[in-house]
Every structure is written in structure tokens, then in C-alpha cells.
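Each of the two complexes below includes subunit A, the first together with subunit B, the second together with subunit C.
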Partner chain A sequence: MASDVLEKLHDVIVAGKRKESPALVTQAFEEGIDVDTIIDTMSGAMNVVGEKFSAGEYFITEMLLGAHAFKAGFDILKPALEDKVKKSGETKKKGVVVLGTVINDIHDIGKNMVGSALQAAGYEIHDIGIDQPLENFITKAEEVDANIIALSALLTTTMDETKNLIELLKEKGLNKKYKVLIGGAPMSQKFSDSIGADAYAIDAFDAVEQVKKLMEIIEN
Partner chain B sequence: MTPKEGLLEAFKCGIPERVPVTPWFGGGMWILQDTDDTWQNFPKSAERMAKTYVSINEKVQSDIIFVGSGMNNFPVAGIGGKIKYMTGATPPDIGAPFLVNNEDDIGKLEATLESGKMDEDGIVQRTREATRQVIEKVGDETLVCLTAFGPFTYTGQFMGIENLMLNLAENPDFVQEVMRLATVFHKKYYEPLVDEGVLDDQMVVITDPMSAPGLISKDNWRNFVLPAHKELCEHYSSKGSYIWLHVCADWQPDDRWELIPQTGADIFFADPKFDIGFAKENLGGKICLGGNVDQINILNLAKAEEVKDAAIHCLEAAAPGGGYMLSAGCDIPPTVPYDNVKMMIQMGKTTKYDDDGKIILAK
Partner chain C sequence: MESKVYNINGLKIGGERGVNPTVLVGTIFYAGHKIVEDNKKGIFDKTKAEDLINKQSEMADTTGNPCMVDLVGDTPEAMVKYVKFLTDVSDSTFLLDGVDGAARIEGLKYIDEVGLQDRCVYSTISMTTKDDEINALKKSKVNSAILFAFSTYDPTPEGKLGLLEEIDGKKGLIELGDESGIVNSIVDTAVLDISSLSLSCKTIQMVKEKYGFPSGCAPANGMSLWKKAQLDKGYYKSCEASAAVFTASYGADFILYGPISSCTTVFPSVATYEALHAYASKWDSGKQAVEGHPLFKMF
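And then the complex of A and B:
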């Protein structure tokens, strides 16, 4: 009889039971379920979390719990995923994103949720943390051969750093190399347009949509 | 009618002679930039702080002076929280390590609050003293307040915001305990001024951005935030102070509107993301409303004429019948042009009421 471990894993992520997801991922492995099926289940669960958030049924608390439950399971899965990529010799990535909160801003919940949502959607994330000088975003992007630089700013006094990054990329002649995605409470599409950002995301799940669109532009 | 009398009439949901107005909620960052000061230096002298607030207000002519705007985290630092200074006008923030990491830390926080440690802190002392001096100088004509965060946000500053959000679901009793202490903390911050009668007929602030809709559910708001706000409003009202309540973010029409007047606050100050007309329709007559010209897309990025249009939109939607104050939707960025600040003030000061409570916009 087939185990219901995947169903349980899906449900604990949706319910944000972060302490239960690692054991279920381990159990799924032990039952011989392949890594792609497990990650698909987990990503599907995160999509449900996103849908509930969009519908006003979930709030940041529930999103955070879902993201933590996903991450706790993903951490168990990560070595197997890396191993699989190594063995297959596959080098093509879905997309590489450098993510961080700008200097003078130590807010990280939004950034972390964007990271989890993008990871769940299969993107490679390099989170450089909070309070980051602009140079660090560029250095990391160069180091990991990123496609997108995603900046978070939660304050009206720090949101202009996003504009400064775009100007810095131009100065360095890198503005065509990287797409810039911005997000954070004080921002808006109007602000994004005014500074020439490539995309603005209203929340973590919108960030997934925006990254998807940006990757389509990059690949075409 | 003095500006203060007009505002107090609006607090009663009554009709003043003209629409009360402030260009900001706080204005701390803007003032710091305007005076070319720093957050490290500004709180070093109570006299200089007081003079700055008074002189800036002579220029701006706001109906409220918000002493301590941008400084809401200093009281947390005053009891041992780790303050992080930023460059420019960005207010200092509280970072890790936090005061409360688990239930074992609750007793320590309680003991710290009881020890009077906050009262020994120089910045807290000087901010209170600046409040006394501003009230002494202009408090008869202008409403003066000392600003502070609300108890839910202070709970986040005590235990870390992510930790607060996770424990809200996983360990609600723990959060309730820290909330209880955050409520005590709020009272203790204001206590000397309240006890001295300095804040009689002046104002206390509860700004609770961490309790914003979108961040926490209506049930959590009802169970965690509302009781604490109620307790604080009852406390300060009984002492003769008025209460300004602000919770940021996007208040949807089907959200927790009916809970706002239950707090007992005198004015609810609305974020630009909410529909001020809908607020007026649903809360008008129950609580005075303030807001909500967009502080970023309009005040910071647009021209004075667009500020005028946005102000007229708010005035037409929320001012008729009184019980309304024209203002920005949240605190303004330091880069807002003075011409836009001036336009906001002019729009309030020139919008009169007729005997039926209809507004008369200046031509």
C-alpha cells in the first residue's frame, strides 16, 4: 500500500508545522521517493500558502511558518538535490538571484520570505543578508553569475538605495547584465518605474511571478 | 479657536472652524534633515531638541508637534536593547541580540522594568524634558505629544519580529506575557509626564506598525492587540491625555474596521493604502480620522499642485461633518520638498466649515 507521506508533507507545510517537515522528508527518502517528486510536493504546498495569502486567508505569520516548514524540509533535501545535479552533469539553472536588504535597513522578514518562495519555485538564491552596501550585491552577482539582483527596503529613508544600485550598475556598465527587482513596504509600481527598475514585487509570491517574467526576457 | 481647540473639537467628532492639519505623522526624519543633524547628536540636549521642535513648527505651522518622532526605539535601548544607528535620517533600529529570547527571559525583563532602569537613561530623560519644554512654550495653542510605538511593535523589538510572528502561532501564551510587559513598558515611558500632569490635555501616541493587517490576522488582532490598546487608552484617558492611534498598511473593506473605535483612541490615523472615504462612511462619528495623502508617491515624488489635488480628495471624502484631520498617511521621508509640506498645511488651514458641517474649499 502506498504511503501517504507526500500528502502529509504537503499538509504540514501548508499548516506551517515547521518541526514536522524534516522527518517527513526523511521518511519520503527512506520510502524511495525520488527527490524531484518530493520537491514538487513541497513547492506545491508553498503555492497553496501563497494562494491563501493572496486570498486574505493567511497573513505574514502563516506565510512565515509555511516558509520555515519548507526550508526545514529543503535543508534535508539539499544534499540529495546537489548530488543529483552533479551526477546528471546538468548545468542549466532555472535562474540565479542575489537577494538582500539594502544598507541602513535591518528588516529581513520580507526578504527571507522572498528567498523561500523563490527557492520553492526552483530558483538558485544567494541571500547576502540585511544592511548590505550596494557593492556587495554586485560583487555577489558577479561571483555567482547571477541573472537578477533583488533588493528589499522597508523604510522611506532606504528605498532610494534601490535607485542608487541601478545608477551604480550603469556606472559599471553592468546594467544590461543584471535585471533589478525591488520590493518592500514603501515601494510601489510608480516608484519602480520612476527609478527604472526592471520589476517590482508586491509580496513574496508576486516576486516569483516577476522573476519568472524577467527570466523569460533574459532567455529570449 | 486655537489650533489645539480645533483639533480637540475634531477629536470629539465635532466640527471645528477649519480642518485641522499636520503635514506628517511625526516628521522626525524630515526635521533631522532640515536641521542637518544626526540621531547621535540630536538627543544630546533637551533644550536644543525643544527649540528645534518649536522653531520648525513656527515655519511649518502644524497643528500638532510630535516630540520624539523617529526616536521610538530609544526607550528600548534605555532598558538594554541593542540600538543600531544608521547613516542619514534613517531612525535607529533595534537588532539582535534581543532582550527576550525565550520564556526564561520574561522574569528578567519584568525585573528590569520594575528597577527603573529606563528612567536612568539619558536620552529618555532628555526626550521627556524636551516634551515638558515644548508644552511649556506652545502647549496652550498647539497640541503636543511624545511619540512611542505600540505594545505589539515593542513586543517585536523585545523578542525579534520574526520570533514574535512565529510564536504568535506556536506559543501564544509566551507572546501574551511579553505583550503584557510591553504594555507596562509603554506606561512606564510616559509615567513621569503623566504623573506630573504635563500631558493633561496633550497627547500620547500608540503607533503599532507590526500589528498591521496583512501581517497578522483579525483574530490575532482581536486577541493580542486590541486588549493592550484598550488598556492603554483607558489608562491615558483616565489621566486626562488624548490618544493618537496609528497602524500602517492596507486596511481592506472587509477587514477589522469595527475594532478600531473599540480601542478608545481619540484619533485613528490612516495609512494611504486605505480608502479614506470608506473609513469615513464606516467609522465617521465613532472616532476622529486622520490622513491620508500618500507620503511617497504624492508628497515625496509629486509637485505641489498634485499635493493640492490629493488633499482635496481627502478633504472631500472625509472632512464633511467634522471629526477629521488632514495629514500625510504616515511619516514623511526626509526628502519631501518644503513646498509640498507648505501646500498640505495651506489646504487644511484654508478649508473652513459652514454651519451645516459642509466644507468650504478656498478658491
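And then the complex of A and C:
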């Protein structure tokens, strides 16, 4: 009889039980289930979380719990995913995003949710953390050959750092190399347009849509 | 655990439900506050600011719910100007609520210089508070602070409660407060969005039961993200007052209710609830509300 481990994994992510997802990922490996099937299950669960959020059934608390349950499982899965890529010789990535919260800003809820949602959607994420100087975003982007730099700012006093990053990229002649995505409570599409950002995301699931659109622009 | 009661600048906070009334805290100079002309330099309309502060004090006197002023400073310069202004025009207790450590530290220095430490509640000590802030607090004479129980990883009541003690090898909030020289620790149970207010209120009860600290939260944080309530101004005011009453119904010792201008709707709403609750408590358990409680002001 087939194990119901994938169904359980799906359900614990939807229910936001971060302490249970790592053991289920390990169990799925032990049962010989391939890495693609496991990640598809986990991504499907995150999609359900997103749908429930959009439908008004879930709120930020459930989103946060779901994102952490996904990430806890993904951390177990990550080495196997990297190993698979190495063995296959596959070099094409869906997209590489450097993500962080700008300097003097210690908010990380939105950033973490964006990171999990993008990982669930198959993008390679490099989360550099909170309170990060602008140079760190660029250094990491150069190091990992990123496509997109995603900045989070939750304060009216720190939101201008997003503009400063765009200026800094211009100064360094890197503005055409990276697309810039911004998000956070005080920002808006209008603000994004005014500073010349490439995209603005209103929430984590919108960030997935925006990254998808930016990657289409990059690839075409 | 016995509920602790603090006396901060004559303002009593904490204790058993139905005895001391909930302290209501109105916010001024917040992001987007129309009376602020330059949030970085701390330039604002002084007449309007004084009117707002006086109105809140008047509502406190009328209803019996004590008040504090939540001073939000975006920069060190603005923070100091706001503290100076408040203490020039009012004798109210206040929260030193700088948006970052630099603003709060500069505010602390000024408060120590002019001897305002007994009127100040530091806002806030959290799991992300840096060493320079802890050291500044240690040096300061300020001994009242809000411990902000917010967990990114576990926003459930159990997750918030767990932050008060050592967690994953990190110092808990109680230890951080003790290290900083804080004697009057007050717990804020961290509101994420309006739905999470219910979880924050459950946490208030858990904190009081386990530790006895005065506890409360900021429904205002949920209100600011509640898009549907913002569709109509009249609708919004009702929702805001209702959220404050809900918080009081869980035994909150303080409520950061939102913009200080909302005092005219929030104070009578909460006071009506508290007067009714205090009277019910008297019948149920013989608890007597203190002099000046809404029970004796509202009816």
C-alpha cells in the first residue's frame, strides 16, 4: 500500500506546522520518492495557502506559518535539489533573486514570505537578511549572478533606500544587468514608478507574479 | 501569578481585572500625521498638537480611563523635539517610540539630561534590539519599558509567550529587560493584522496568568492594514473603537488604540465596557473598582 506521506506533507504546510514538515520530507526521501515530486507537493501546498489568503480565508498569521512550514521542509530538500542539478549538468535556472530588507529596517515578515513563495515557485533565492547596506545587495547579486534584486522596506524613513539602490546601480553601470523589485507597507505602484523600479509587489504571491513577468522580459 | 501593578508618574497600570482601568495610549506624530510638516526635522503644527494632547487628557478625566501619549519620532532630532514639546505642554506619561534605535537612544539621552525618566516608558525592547540600545538603556535612568513579544517564526500565542524566556539559546525578553535596568516591564503581545488581534488578546491573558506583568497590545497596528475598514471614515471609527473594546474585554492593561484624534470615540467606548465589567465583577467576586474608575465616571 502506498504511503500517504506526500498528502501529509501537503497538509502540514497548508496548516502551517513547521515542526512537522522536515520529518515528512525526510520520510518521503526514505520511501524513495524523487525530489521533483516532493517539491511539486510542497509548491502545491504553498499555492493553496496563497489561494486561501486571496479568498480571505487565511490571514497574515496563516501565511507566515505556511511559509515557515514550507521553508523548514525546503531546507531539508535543498541539498538534494542542488545535487540533482549538478548531476544532470543542467545550467539553466528559472531565475535568481537576491532578497533583503534595507539598512536601518529590521522588518522581516514580508521578506520571509516573499522568499518562501518564490522558492515554492522554483526560483533560486539568496536572502541576505534584514538591516542590509545597499552594497551588500549588489555584492551578493554579482556573486550569485542574479537576475533580480528584491528590496523590502517597511518604514517611511527607509523606503528611500530603494531609490538609492537604483541610483547606485546606475553609478556602477549595473542598472541594465539587474531588475529591481520593491515591496513593503509604505510603498505603492506610484512610488515604484516615481523611482524607476522595474516592479512593485503588493504581497508575497504578487511577488511571484512580478518575478515571472520580469524573467520573461529578461529572457526575451 | 499575582498581577503586578506599577505606578508610573502617578499612573497605575496592571493588576486584577475590574480594579484598575485600562490605560489608553494615543499616538501622535506617526507616519502620515497631517500635523507634521517635516518628519525628519520634527517640524509640526504646535497648536494642533497641543489641542490633540489636551483633548486626550480631557477624555481621560471625563471617562476614568488613564492615558499616555505615544510619541513616534522618525529621527533623533525629531524625537528630542517631540519629547521637549510634550513635556512643555503636558504632564502626561509618554512612550518613547522612535522608529529606530538611533531615535530612541537620542531620546533617552535628552530624557536623562532633563530628568524626565519617571514620565517615560521606553518603546520597545524586542528580540531584535541591538546591544547599543541595551547599553544606552543600562546607562539611562529610565526604568519602565515595553517588551515586544513578536516572533517571526511563531506568531501563535504560545510562540509569543515563549519569547519571554530563553529561546533557541537566545536571551528572552525578561532577561533583556532586566539587563537594561528595567524595573517596570510591560508586555506588548504584538498585533500583525486585524485578525491577529484575537491571538494577541489571548496572549495577554496567558502573560498575566503566567508572569503577572501588565500586558496589552496595539489594535492600531491591525487597523492600519485593514483595507475594508478604511473604505468609509465613519465605518472606520466604529471598527477602531470596537477593536479597542475587544482588547479591553481580554483584560488588557494598556491599549495603543491608534491616532490620538480617535480619543473622542475610543475613550467612551472602552469606558462604557469597563464600567459595566467592573459592576459585574463587584457582584460576582466583590472586587471594588478604584476611585476614579469609569464605573464612577460613566454612570
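Definition applied: the second predicted complex is superposed on the first by the 220 of 220 C-alpha atoms of A that agree within 3 Å, B and C clash if a C-alpha of one lies under 4 Å from a C-alpha of the other, contacts with A are read in each partner's own complex, and residues count from 1 in each chain.
Quick note on the criterion: a residue touches a chain if its C-beta (ideal position, glycine included) is under 8 Å from a C-beta of that chain, and two chains touch if they have at least 3 such contacts.
Model, not experiment: these values are computed from the prediction.
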Following the overlay on subunit A, give me a clash-or-fit verdict for subunit B and subunit C.
clash
Touching A:Leu65, do we find subunit B (first), subunit C (second), both, or neither?
both
Where does A:Ser188 make contact in the superposed view: on subunit B (first), on subunit C (second), on both, or on neither?
first
Please work out whether A:Asp198 is in contact with subunit B alone, subunit C alone, both, or neither, and reply first, second, both or neither.
neither
Tell me the contact category for A:Thr157 with respect to subunit B and subunit C: first, second, both or neither.
both
Enumerate the residues of subunit A that count as touching subunit B in its complex and touching subunit C in the other.
59-61, 64-65, 68, 104, 106, 108-109, 112, 155-157, 185-186
List the residues on subunit A that touch subunit C in their complex, please.
18, 59-61, 64-65, 68, 104, 106, 108-109, 112, 130, 155-157, 185-186
In the complex, go through subunit A and note every residue touching subunit B.
16, 56, 59-62, 64-65, 68, 103-109, 112, 131, 155-160, 185-186, 188, 190-191, 194
Which part of subunit C faces subunit A closely enough to touch in the complex?
31-32, 39-40, 74-75, 99-100, 102, 128, 152-156, 192-193, 195-196, 199, 225
Enumerate the contact residues on subunit B facing subunit A in the complex.
29, 84, 86-91, 93, 95, 161-162, 165-166, 168-170, 213-217, 220, 248-249, 252, 254, 295-297, 300-301, 331-335
